[in-house]
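Read through the structure below, which is laid out as structure tokens, and then see the notes.
Labels run A, B, C and D following the written order; every chain starts at residue 1.
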Amino acid sequence: MSLALQTFSTVKDASAALQAAGSRYLGGGTLVVRAANEGDVSVSSLVRVADPGLSRIAVSGGKVRLGASATMAAIARHPELAALAPAARAVGGPAIRNMATVGGNLFAPAPYGDFAVALLALDATVFTEDGEMPIETFLTGRDTSRVIVTAVGFSLPSMESFRFLKVSRVKPKGVSVLSIAALLQRTADGTVTSARIALGCMADRPIRALATEKALLGSKLTPQEIAPALAAAGEGITPITDPIASAWYRAEVLPVHLGRLLSQ
Amino acid sequence: MELRKDYFADVRKDGLHEIGQPRPRLDSPGHVTGKTAYFADRNFPGMLHLKMVRSPHHHARIRSIDTSEAEKHPGVVKILTAKDVPHNVYTILILIQIGPEDETVLADGKVRWKGEAVVAVLAETERAAQEAAAKVKVDYEVLPAVFDMEEALKPGAPLVNEYHGQNYYLYDSGECRKVRFGDVEAGFAGADHILEQSYQSSPIEHAPTETTGCVVVPESNDRFTCYTNTQAMFFTLDNASIILQMPGSKLHFVGGTVGGGFGGKVDVIVEPIAILAAKLTGRPVCFIYSREEEMQISSPRAAEKVVIKDGVMKDGRIVARKVTGYTDAGAYSRHSPYGAQKGAAHYPGPYTIPNVWIDTYCVYTNRTPSSAMRGFGVTIGDFALEVQMDKLARLIGMDPLEFRFINAYRDGDMKAHRQPTEGAALIECMQEASRAANWPVAEKYMAMSSYRKEA
Amino acid sequence: MAIRRGRGVAAINYPTGMNLGGDPTQALVHSTPTGNFMVTLSSVDLGQGMKQIMAQICAETIGVPTDRVVIDTADTDTGPHCMGTFASRGTHRAGNAVIQAAKEARQVMLEVAAEELEVNASDLETDGQGNIQVKGAPQKSISIFDVALSAHFKRGRSISGRGMFLIPRSYPEKETGAMKPSTCYAHACTVAEVEVDDETGEVTVLAVKNVFEIGRALNPKMVEQQLVGGSWMGISHALYETTEPYYPNRDHGGTDFNQYLMPGPGDLAKTEIIVLERPSADGPFGAKGPGEMCANPQIPAVANAVFDAVGVRVDTLPITPERILRALKAQAAG
Amino acid sequence: MAKVPVQFMLNGSEKAEFVESGTTLLNALRDKIGDTSPKGGCHQGTCGACSVIIDGELRLSCLTLAETCIGADIKTTAGLAEGGVLHPLQRAFLDAFATQCGFCTPGMIMAAKVLLDRTPNPSREDVVEALSGNICRCTGYEPIIQAVLLAARANSQNAA
């Protein structure tokens, strides 16, 4: 029952091995190796896939497909993914970003998982061995999921339409007080025609700010016009309390930071 | 950094050959090449790993301990409980007749804080030790716990530590260490203003990058070499000798190269049990705190509560100061009674006040025992004192820096603990700060000196 | 949103040593046959640089360059007793012990040199470069290398010395608290400048100007290391650190460096350090212990600066954004 | 406890060892190969003291399994000095008095090396970002930042 690593060349084979009790999927190692190091003896078998295809980043025709093993560093430096770079850079320090993967971030509990917040705002599709599903469906069921994520896909946002903010106590690298990602389509005069806003640390996993999204429609991003959207930011949130901040504090400053992000 | 040699030049001999010279550090080449040998950089064949089974409860009676499953676990070599420790009493300051024998090395019958060591598991690998630790079964009867110092001092509060019989340390002076100087009530009576304020802190961790630990090697001559990052070699040797009931001559401690201490490595927690394990197994043993243990198990700086009541005159003189300090020792004393006492000696701060009353309490609660840290007994007090000084200055409409000049101690002034002030330099520090920060004060303050009392 | 500025001051003193427990440290010094000097101790270097400082103290006392001194410490089989490294005592206590031991060794060294040069030992001085010369007649000299060889192989003298520094324990008087808790005191005054975001409670420490009086800067670069690092820790204590963020509630204690908050390299205040030296009567070359007190004045200075900026007092450490925000809301509510 | 073979280049030399499956690279380097320059400050990925360079990328050896490094090119601080001559970064850490206890130093130097290899003339912000995954408890970071900037200046002067 000591720890053992099993390496497979295909996701299919790895997936089969992962069904055994005590098995965990090894991505970048930042979650699962840490758990093993810290004495989590419930993990006895680590399963990984040695398929370089899982690290592939493909951008074409306005569509992005990030292999599940693509690292935050690879995304941050990708010339066509500049809009996502702030979200990728929000994860860890340089060494962690060289290791932490897209797939792992989807499983990271709050206050971690800042990149998944961005993916939620982007309405990403999560691809697995068994098929695909919207990211919201994936996030809801992730605790009991035994599937291996192979990739995420989404439409590449323009620099103007996608905004990301992470607030942390420690700079430049600190764990989130909160993170916010916003995908906003606007007309030429600045009126919001569609809004998709995702929040980190406002629950145990990324959630959408549905009331805020709705309130933004038809408004311009001026302090007056966004006020109803900010007032609605607290709807549906259950912020975490941890050593970084309390739920009370997170809820209090969410509209402040959201307002700053929207009026940038 | 700027060395201001113009201050105190008359009492200082400069121009020495080696002293005052910015010589390169002789240890730095080892640091930058990775060659410096810290205790954990020594590896020995057959070395066992020690993992501690810790209390999951803040306060509980131990009904029973069952190690049978753990003992059968592959790779396990030895499991230690309280009965295996020859003198199962933690004796940190006993050599200088301070500090009570109120703590065990491994819990015996009760646990008093969440994280208290109960069972030590020794195995061939860290993983095997972790797995076996998970199989140790301890049956607890959970007891009421107290976390708030004020609650702990109330009658009927859960008793944290039976050794003391009450939730505070009993000094020879009573329930607190006392300083009495002048007549504080008379001082208050004559004051233009009274200000009473309360200050609070919570525990702070030393957080050295290298966690606490040691590696013990049984030598061929019936001796044990302990490679350690303790801050105090003989403190550790002598205490280990008592706990192990083993002559000190059998013990050889090697250390002195430490990855940061800040006061966090003076507790003699890891060495005795690791030496015992090496003795009972005949194998090298390493016991190194995990980061989680360093953060939550190793002693932090105590939380403190400080209540300051001051009487101040409109002209800026503080005429009376009463300080009541509470040090949250956690479940056991360790160095905290000393810290509270050191606090009593530190108040009322670097100011000359004619009427002073100090009470400092060392209080027990069901939390990780606190101990020494950089600024022991002083740091939190200084926070309270100096915020209080700011409030007093604003209360009487005076510049906060000038207010401090009026009250600053100078050579010859009698302190509350009845030592005459020598070698004072507070005034000069404030004068230089006034210049450096462009915070002007009246010329009469810039003309003052710590040497003497001029007009 | 408003970013509001403030500044605050604090002045402190700090005791050297732990007299309330009795406070001894020993040192041994001996010369090798070729005139290098071994200092044997059991004091611990936590990273502050105790070994280097003891080497410089020994070198100055004996009159040789620092690179002729080797520090052998923290081995209980060889090193004589030291209470330990805490209470700002290391430099002060071990330094005094090393001086005493080095003086005794120096005296033997001068006596051997005197025999070689056929003069009185009291007429000799060291040049700091590794030679012993006659006062006023530096051309009449002998190298310490040759003196050590002579001592070992010709004259049968041990160039060595013993040092013991003890501050006897002070017992507080029960009723009055009369006691002698320490030997000398270091001093500091800090002015902190902060910015406070009054919508989030976030504090940025823009600058700290620290003036420290430390007796004697034995090695100014190493003093600077201590003081700069200590100033950072003080700010860290003021705004960030605790193992129990919801004290006295015991939940949510941080277990790693992500959760245990300290300022990162992107949070650094502009830090100015000014050092004054008023030598202490009993310190080695007047030195006091600077290592602890240097982290203290920033805490109240930052607290006072926060008040100056936004007009609310947070009297509980750490002064978190949450505590400031709660105080601001209470203030706004009247 | 299954042992598995691992083989990689370490500071230019080939290393081959059997390790228990699941062994971290940090433990393999320290306990098996004897390179103790990477330090185990947390084994969580939160302190950076174990930082090494794998195939040119900064990585945390405490979260990297040795088995995943087969065939890799690994560099540690122990291999930085060439022929007894210190690397400019090592020299700069000495000259800037950027070490105190020294425990974080090898990791800091690794993080800085990756930065300077790619960005020979970094800004202060670049340095801050590069060091942001590494904890130091003694220095307050400023001397370390200054050391890295000093090394960069020394490099550019040598190149000029």
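Everything that follows uses one rule, which is that a contact is a pair of C-beta atoms (placed from the backbone, for glycine too) under 8 Å apart; a residue touches a chain by one contact, two chains touch by 3 or more.
These figures come from a predicted structure and were not determined experimentally.
Q: Using mean Cα positions, find the chain sitting nearest the overall protein centre.
A: Of all chains shown, the one whose C-alpha centroid lies nearest the global centroid is B.
Q: Quick one: name the chains whose C-beta contact count is the highest of any pair.
A: Going pair by pair, the biggest contact count turns up for B-C.
Q: Roughly how far is subunit B from subunit D, going centre to centre by Cα mean, in whole Å?
A: 33
Q: Averaged over CA atoms, how far is the centre of subunit B from the centre of subunit C? Could you give it in whole Å?
A: The computed centroid separation for subunit B versus subunit C comes out at 17 Å.
Q: Suppose each chain is reduced to the average of its Cα coordinates; what separation in Å results between subunit C and subunit D?
A: Spacing between the chain centres: roughly 30 Å.
Q: Which parts of subunit A, given as residue numbers and ranges, touch two or more other chains?
A: Subunit A, residues with two or more chain partners: 2-3, 36, 38, 172-173.
Q: At least two other chains touched by the same residue of subunit B: list those residues.
A: 25, 27, 75, 125, 127, 207, 258-260, 262, 290-292, in rising order.
Q: Could you check subunit C for residues that touch two or more other chains and list them?
A: 46-47, 49, 221-222, 224, 228, 230, 233, 245, 253-254, 256-260, 262, 264-266
Q: Under the definition above, what is the set of subunit C residues touching subunit D in their complex?
A: Of all residues in subunit C, those touching subunit D are 46-49, 221-222, 224-225, 228-233, 256-258, 262, 264-266, 268, 271.
Q: Where on subunit D does subunit C make contact in their complex?
A: Interface residues on subunit D, with respect to subunit C: 42, 44, 46-47, 97, 100-103, 127-129, 131-132, 135, 137-145.
Q: Could you please specify the touching residues of subunit C with respect to subunit A in the complex?
A: 1, 199-201, 240, 245-246, 252-254, 258-267, 320-322, 325
Q: Would you mind writing out the residues of subunit A in touch with subunit B in their complex?
A: The touching residues are 1-3, 36, 38-39, 41.
Q: Please output the residues of subunit D touching subunit A within their complex, sorted ascending.
A: Per the stated touch rule, the residues are 1-2, 4, 20-22, 24, 43-45, 48, 51, 57-60, 62-65, 67-68, 111, 114, 128-130, 132-134.
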